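Here the structure is laid out as structure tokens; the discussion comes afterwards.
Labels for the chains are A, B and C, by order of writing; each one numbers its residues from 1.
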Amino acid sequence: MTTTVRSSSPFLSTFPGRYYYDPAIFQEEQEHIFGKMWFYVGRADALSSHGSYRVVTVASESIIVMRDKEGQLHAFFNVCRHRGARLCNQESGQLKGSIQCKYHAWTYALDGRLIGAPNVMSDEQFDRLAYGLLPVALHIWEGLIFLNLAENPQPFEAQLNDPRVQQFGDISPYDRYQIGRLKVGKSITYEVQANWKLIIENTLECYHCGPMHPELCELIPLYRTGKVFADEDFSAGVMLGEQVEAFTVTGKASRPPLPGLLPEDTRRYYGLLFLPNMFINLLSDHVVVDTFQPMGPERTVVISDWLFDPDVMARPDFDPSDAVDLLDLVNRQDWVVCELTQKSMASRAYRNGGNYAPDEHHIRGFVEYVLEKLRH
Amino acid sequence: MTTTVRSSSPFLSTFPGRYYYDPAIFQEEQEHIFGKMWFYVGRADALSSHGSYRVVTVASESIIVMRDKEGQLHAFFNVCRHRGARLCNQESGQLKGSIQCKYHAWTYALDGRLIGAPNVMSDEQFDRLAYGLLPVALHIWEGLIFLNLAENPQPFEAQLNDPRVQQFGDISPYDRYQIGRLKVGKSITYEVQANWKLIIENTLECYHCGPMHPELCELIPLYRTGKVFADEDFSAGVMLGEQVEAFTVTGKASRPPLPGLLPEDTRRYYGLLFLPNMFINLLSDHVVVDTFQPMGPERTVVISDWLFDPDVMARPDFDPSDAVDLLDLVNRQDWVVCELTQKSMASRAYRNGGNYAPDEHHIRGFVEYVLEKLRH
Amino acid sequence: MTTTVRSSSPFLSTFPGRYYYDPAIFQEEQEHIFGKMWFYVGRADALSSHGSYRVVTVASESIIVMRDKEGQLHAFFNVCRHRGARLCNQESGQLKGSIQCKYHAWTYALDGRLIGAPNVMSDEQFDRLAYGLLPVALHIWEGLIFLNLAENPQPFEAQLNDPRVQQFGDISPYDRYQIGRLKVGKSITYEVQANWKLIIENTLECYHCGPMHPELCELIPLYRTGKVFADEDFSAGVMLGEQVEAFTVTGKASRPPLPGLLPEDTRRYYGLLFLPNMFINLLSDHVVVDTFQPMGPERTVVISDWLFDPDVMARPDFDPSDAVDLLDLVNRQDWVVCELTQKSMASRAYRNGGNYAPDEHHIRGFVEYVLEKLRH
């Protein structure tokens, strides 16, 4: 198979096929991307009281996130310091003031300190401070919890403001939507049989919107052209169609706009990617946060949370389905083509990768971003 | 474990055990045997009209075989030239004049030319001829479709007439049976938990026929002796037993002989192996084509097609079961022992392989044929 | 992640995490431990008459153990010497004087000699003695069958009396219990999702008994302290509690003591590990033999056999459940924590292993024993 000479073509090349299925590359990504970058794991409001915990996965590691007696959030490796037994084996729950290993009853405070170890604690030689739970760096931004497994994590803001990340969106509208104040009205988990990078690439171009998303294009007519991301001006979002009231399956508004938005926000859609694993959709009356969890070279779990104004949610007739059904449909349409693409990645015909059309050329920035992290 | 010194024994050795389970050797076979030889994928008459297509697998590649408007057959990698999405996701179907990728609507003619690419086709820089579907070499022989993934495939006839291949049969009787004119009366797909080479070796000796196939030996008494292949004269086929009318479970003939056979053909059985993946059984009133599809080091799919004269099939009382039941029984008997053999391949006791008995010594030619292809 | 400097700590380190999940290390263990040591496979009395056979697995090898006409037990690789087919495909059964391969009818006597090979046996060049079934060394001790795959196995007694093995128990009480005379009253097979070494380590310390096994501690109050193995005097066993009559869920005795015990045996529990794959529990009225079968790096099958006096078993009201239920409960409690521990083995937090508390320090001997066998 000869490679197309691309210098004389209008195309920039994608990753070579092996980046989408090779377990060794997946392992490198786990170490150099997911093991070193701030990784979104869930909302702070899900841990409402002291002793609340959730177990999350970051770069294949099981991590406990819990709230201590002072209301402070902490994250720790879910591994007993004695013989290694997993401490919390449920997805979430409520601790009574401490966390105890089932195996030999070593006991830790909610802030991770070792406070009990039968037949050892009394030993004078024993520096118990050295045997607390191993901590993981934690940062809250807009009510969202980010973890970082690195020993010396870069500051969260450095990642957020990385010019390369900003290339994939603009954070300026965020603070107006007060994401931390909103509540989850609906959450859907998807299993996608595709490499996480195929999903990211899918979020980064709208060249597929015309063929794939007719319902979405009804709401945002500009998407039919496929030109959206090609001009690289993301900060202003995209306009809903003239007759469209809201980003719902009917196109009608059934909820008031979120408080605090600018007038121009209410008829706009902002979609912004936070590498490595989150995408935020900002709409007039709701926000959707998508989390991408790479489970294996050819498998990704996506969790979509639809967020609403808690005052609106408190109304007896609150019904999020007109908002949920739209992006849920769009999501499922996208997973179909991500999975069809995954099927070809190991083909001789994709050994040297494929081609980004001119309307997709800026995705190439993502390719370079990943290659730089992997030092390839 | 010491190896038996074979120079003083009547035995030739088989492959060492690892050839039957090592994924690396399987990979080499995919590249050097199945990726470079003509590989049988199905009958041309299964693609009856223009736009008909089938998706087949050759050396782990998904390939589309389709018939264009002029009635010409073509084979292409099932991979969009843009971002790689699999184009056809069904086993077979009917296209309406073109083939369109779901993802971004790139569109190809039935002969593979790119005829549509939104927002790209108008680009003057874009040499659309360079972005047609990647073709796979295709050859029709006796109505059977063979594909070859090599960039510069050897001529089909060179493979057919390879003296080494002829060692495993003789093609002279073929043209009399007019296989392309016959039709499939019954097709059975088997999943065998064994390496493809164990199945090939099973077809290459009749030393096992006495112990394994009593019903078959009723029809062909010579098979009881196990001497069939040992004398290396295959061209004349083997005679049915004196009281046997036809190759059926009852031994009775229920269909007329195929037209055009020689008188001596009607009471003979010819079994011929076409390396790497087909075996043809020629009988007086039907033909059986077995296809071997290596799916993994320890898993092979076998498809057996029973072919009959279309004039006979058109009769209202046509019933293929007396023919089908016989080889179906023999097939199942063979899969049992192939699977029992597979179970020992990784044993210390088989590290240096096993022994071909004198009645099997010519199978050793197959071993050498494979080793030569793999350059081992 | 920095490693705790252990020289100034009261802890000895466990294996690094990879020893519990790395397939390459598992493979080395299969070769250097399970492929070279005497491995317990079952009771001799299970093969009651000539022609009885059982198929067992040792270091991934399928081995036939059978009793010949003279009553002698033999073990052979379950692999035909001709083309390698597995000979016996059932877990156990009864042979009629010989064992015949399904594929080409090669036939072996119960002592392994090749006694039939169609079309070969008459060949003068054929040294049939060289093609008998490949034997595996077999030793009977106390009615228990041990196999050894090594070409030149060390004497069984050398393994039994290895001072390192004795560190994990003392064989002196054994002969009093006459294990070979007892019969299996109940057998339970467990699937444990944990490396075999985690299970061995679990048997080697009672630091976990207090938190994990309250019912067991009712019977043996000393176990609550966790100090049992720390003082390294195993030969005397441990005493049952003052009010405890027998090692049953009720603490009541429902069977007479086994004949031949010393008075002090009847209120004692002896637990002894026979590396690499057996643990024996000696009680006043029964014996429990646990066998560990490593199936993969993260999966072990455990078989527990409860043995009783055959005279007691012959009584119409014989009911083993008060004995069975106790260790069955303890077993299941242990598998829970072994599986929780397995889950952390690949964590960054366990890369350098964990810590043996002072009450567990002698398990470190097991670590060194394994490392020595693997020459690590």
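To be clear about the criterion, a residue touches a chain if its C-beta (ideal position, glycine included) is under 8 Å from a C-beta of that chain, and two chains touch if they have at least 3 such contacts.
Source: prediction; values computed, not measured.
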| item | value |
| --- | --- |
| Rigid-body rotation angle, chain C and chain B, from Cα fit (steps of 5°) | 120 |
| Interface sides of chain A and chain C: same vs different residues, half threshold | different |
| Distance between chain centroids, defined by C-alpha means - chain A, chain C (Å) | 47 |
| Per-residue multi-chain contacts in chain C, two or more chains | none |
| Residues of chain A that touch chain B when the two form their complex | 1-2, 4, 8-10, 14, 17, 201, 207-208, 210-212, 226-227, 336-337, 340-341, 343-350, 353-359 |
| Interface residues, chain A side, partner chain C - complex | 35, 60-62, 77-86, 89, 102-105, 117-120, 123, 125-127, 130-131, 134, 149, 151 |
